[in-house]
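Look at the two complexes coming up: chain A is in both, with chain B in one and chain C in the other.
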Partner chain A sequence: MNAIEVQGICKSYKNYRLSDVTFQVPKGYITGLIGPNGAGKSTIIKAIMGLVKPDQGSIQVLGHGAEQGEGRYKQEIGYISDESIYYDWLSMEQMKKIIAPFYPAWDETAFQRYMELFELPLRKKIKDCSKGMKMKYAIAIALSHNPALLIMDEPTAGLDPVFRRELLELLAEYILDDQKTILFSTHVTTDLDRIADYVTFLNRGQLIFSDTKDGVLERYVLVKGGKELLDNDVRREFVGVRETGIGFEALSADRGGTVSMFGDSVMYQQPSLEDIMYFTVKEARLRV
Partner chain B sequence: MSEILNLVRKDFILQRRYIWIIALYVIGFSGLFMNSNLNMLYGLLPGMMLILVVSSDMRQANQQFLVTLPVKRSRLVLSKYVTSILFVLLALATCSIVNMGMSLYHSHSASIDYTMLLASLISVLVLMSIYLPLYYWLGIHGGQYLNVAMMMLVMLGNGAVSGIASEYDFTNMSTWLNSHPVGSIALGVSSLLLIIVISYLISVRIFKGRDL
Partner chain C sequence: MNILLSHSSGEPIYWQIAGQIRSAILQGELAPGAALPSIRQLAKDLQISVITTKRAYDELEKEGLIDSVVGKGSFVSGGNQEFIREQQMKQLEKQIRELLDGCHSISVSTDQLIEWIRLLDQEGGK
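Right, the complex of A and B next:
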């Protein structure tokens, strides 16, 4: 069962194009949407939230079509934007008074608990809050109506490392109920190393992969070896190559094939999501 | 329906920050400290309120906030029309109360300038029907210029409307309308409703297709 189904989404802007992106966000898990700046993560999230109308394709959210004019399906979504979307001249208390009536499942006790936990003063105006405080407030608002689906666009941007960790713990706690789902876009992939179950990787508006995190990490391998092993045929086998003074470091998307090609002549390492993103993005830039 | 009420409530919360400006404006032009200038009240206050209500959601981020709420886009537009009309009526009610209070204060007899009230109501609602589709079409950047243009139009139109309202022909027309009250009310109300409905449908069509 999928919480979100994105099918063949295309969207063209003046200098940018999202091309035929298809992926699913399984229910009950945390899915990380990764990619460098400008990869299309925010556009996809905006399309899911009905903020952007795709040129082609369809999006299903919790069994409902996410057409741009529709609203009801958002009742079950807690949305955290990468920037503050609230009326910043209002206090956090006033803003909450505007938002709460739209959600029948609003839990005032939970809201007060989060405000206390995040040390947010209710009477402070939003414009006077730091970026981190605004993000915490958005998280408190999103969690207080008990959504089945949490969609977060770069939620850890602007947060200090301590709160980032605390947030990840909070999300892990939230997902304990296997009916809850999280879609989490970020370019700080270390956050996903800790908590993601699935990873969807976008680069330059194209889907690179969408799979379980463990599956991705099993498939990819980081190879380190001497320069003498590197020729054009070998290069083509890799997703990306980085040459150093003493040798090379390369990423392969076919662990089995790479091991049978090089045997014991190179060193193998488990790549992180950041390694995978780095080599893929670097290679794509070279090919342009 | 509750969605519309919540959105209207939201606009009332947002307008609280302008309450002192409006109060000062009303007191200033009430005739308490200088000769009563009804044109400045009836002509400008409803238009000013309309612009304040509409522009409170003008920022792109705030538009995004509204669209992420569990409300259809068409309802968001509808609520803007409802709030605008409510605020125009509120402004006119304020004008009438001030007008009545001041005439009681100056001439010891309470009276309301109904011609001015009606002319102001019709002109502001027609203005709203033009303003809102343009606002949804132009978005944030064009919207700022639109507000300046609308404010100028309200100020210039204010003189024109009050001029027309006191014209001999308009007075004749008023007399004729007064002699055919049912027909003229039905014609006036239905024409105005038609304009507002067409304006609303255009706004919905524009806003539904807008990327935020």
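Right, the complex of A and C next:
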């Protein structure tokens, strides 16, 4: 079953557009939405939240159409925006008093616990909070109404490595119950290398792939070898190539084919999601 | 039972998990009927994805080493003593082959080896 179904979404802006983006976010798992800055991650997330109206296509969230006016299903969503969406001049306590009544399932004990865990002083004004503190506050708010679906837009931007690890731990705890779903956009893919179950990759408003992370990592292979092996036919086999005076490094999306082509003449490595993103994005830039 | 993963070894994570649980079962550290951690708990503790963990359990289930009961969790299988014995023998065979290779490389004959093993066995202990 899917918590979110994005079907053929198109949206044109002046300088860029989303073209025919289709993917699913399966219920009970963590899905990572990756891509470089400007890939369309935030636009897709806003469309899922009903904040952006697509030109074409449809989006189903927890069984409801996202474009409809009816917003009650949003109680089931914990949304963490990539920018601070709170009133700056209020304290965190005051802001919470405004937000909490919107959620019948608000759990004040949980909220207090998160505030303590994240070391957030309730009386501090939001404008005096650091970027990291604001993000922690947004996470505390989102988790305190026990949502079935957590949507996070770049949650780890502005967080130090210690809290980033703690957040990943929190997310794993949150999906212990197999009814909960997380969609998580980031360009810091190391966060996802470990815990993501599914990965959806956007570049320049287009879907590159949407698959299980294990499937993606098994399909791609990183090849390192001597320059003399590269000619135009060979280059075409790769998603992207990085050439230097002392050899080349290239990404292939067909591990089996590449291994049978090169045999023992090159070195093979397991790429990370970052490697996959780097070579794909770099190549797309060259082709424009 | 401990499970320790290496993210830099190049060996797939699901394979490492399956391997470590398998040897715990084969060595009798996990007795038939023993409950394994839930897939989601294990994924959380290892900070890896649920799907990777599930794959490790699927692998062990296919080998007949564990049984998964919907809603209850996964347990070490009791019915497959023969398979376990077979796996243990296989592991031993591998070690014997290595031993033979070692003997051949320094010109120790098989008879000498057997004699040597008898001698050590009579001495008892280690």
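The rule is simple: the second predicted complex is superposed on the first by the 287 of 288 C-alpha atoms of A that agree within 3 Å, B and C clash if a C-alpha of one lies under 4 Å from a C-alpha of the other, contacts with A are read in each partner's own complex, and residues count from 1 in each chain.
In this section, a residue touches a chain if its C-beta (ideal position, glycine included) is under 8 Å from a C-beta of that chain, and two chains touch if they have at least 3 such contacts.
For clarity, every value in this text was computed on a predicted model and none was experimentally measured.
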After lining both complexes up on chain A, report clash or fit for chain B versus chain C.
fit
Quick one: classify A:101 as touching chain B (first), chain C (second), both or neither.
first
Classify the contacts of A:245 with the two partner chains as first (chain B alone), second (chain C alone), both, or neither.
neither
If you tally the residues of chain A touched by each partner, is the higher count for chain B or for chain C?
B
Quick check for you: in the superposed arrangement, does A:161 touch first (chain B), second (chain C), both or neither?
neither
Just to be sure I read the superposition right, which of the two partners does A:263 touch: chain B = first, chain C = second, or both, or neither?
neither
Which partner does A:176 contact after superposing on A: first (chain B), second (chain C), both, neither?
second
Which partner does A:86 contact after superposing on A: first (chain B), second (chain C), both, neither?
first
Is A:195 contacted by the first partner chain B, the second partner chain C, both or neither?
second
Shortest C-alpha to C-alpha distance from chain B to chain C once the two structures are superposed, in angstrom?
29
Can you list the residues of chain A that meet both chain B and chain C?
none
Given the complex with chain A, which residues does chain C contribute to the contact?
7, 10, 12, 14, 40-41, 43-44, 47-52, 55
Applying the document's contact rule, which stretches of chain A touch chain C when the two form their complex?
28-30, 168-169, 172-173, 175-176, 178, 194-198, 212-214, 218, 269-270
Chain A residues within the chain B interface of the complex:
46, 49-53, 68-75, 77, 79, 81, 83-87, 89-90, 94, 97-99, 101-103
Of all residues in chain B, those that touch chain A in their complex:
2-3, 6, 9-10, 13-14, 17, 56, 61-62, 64-65, 67-75, 208-209, 211-212
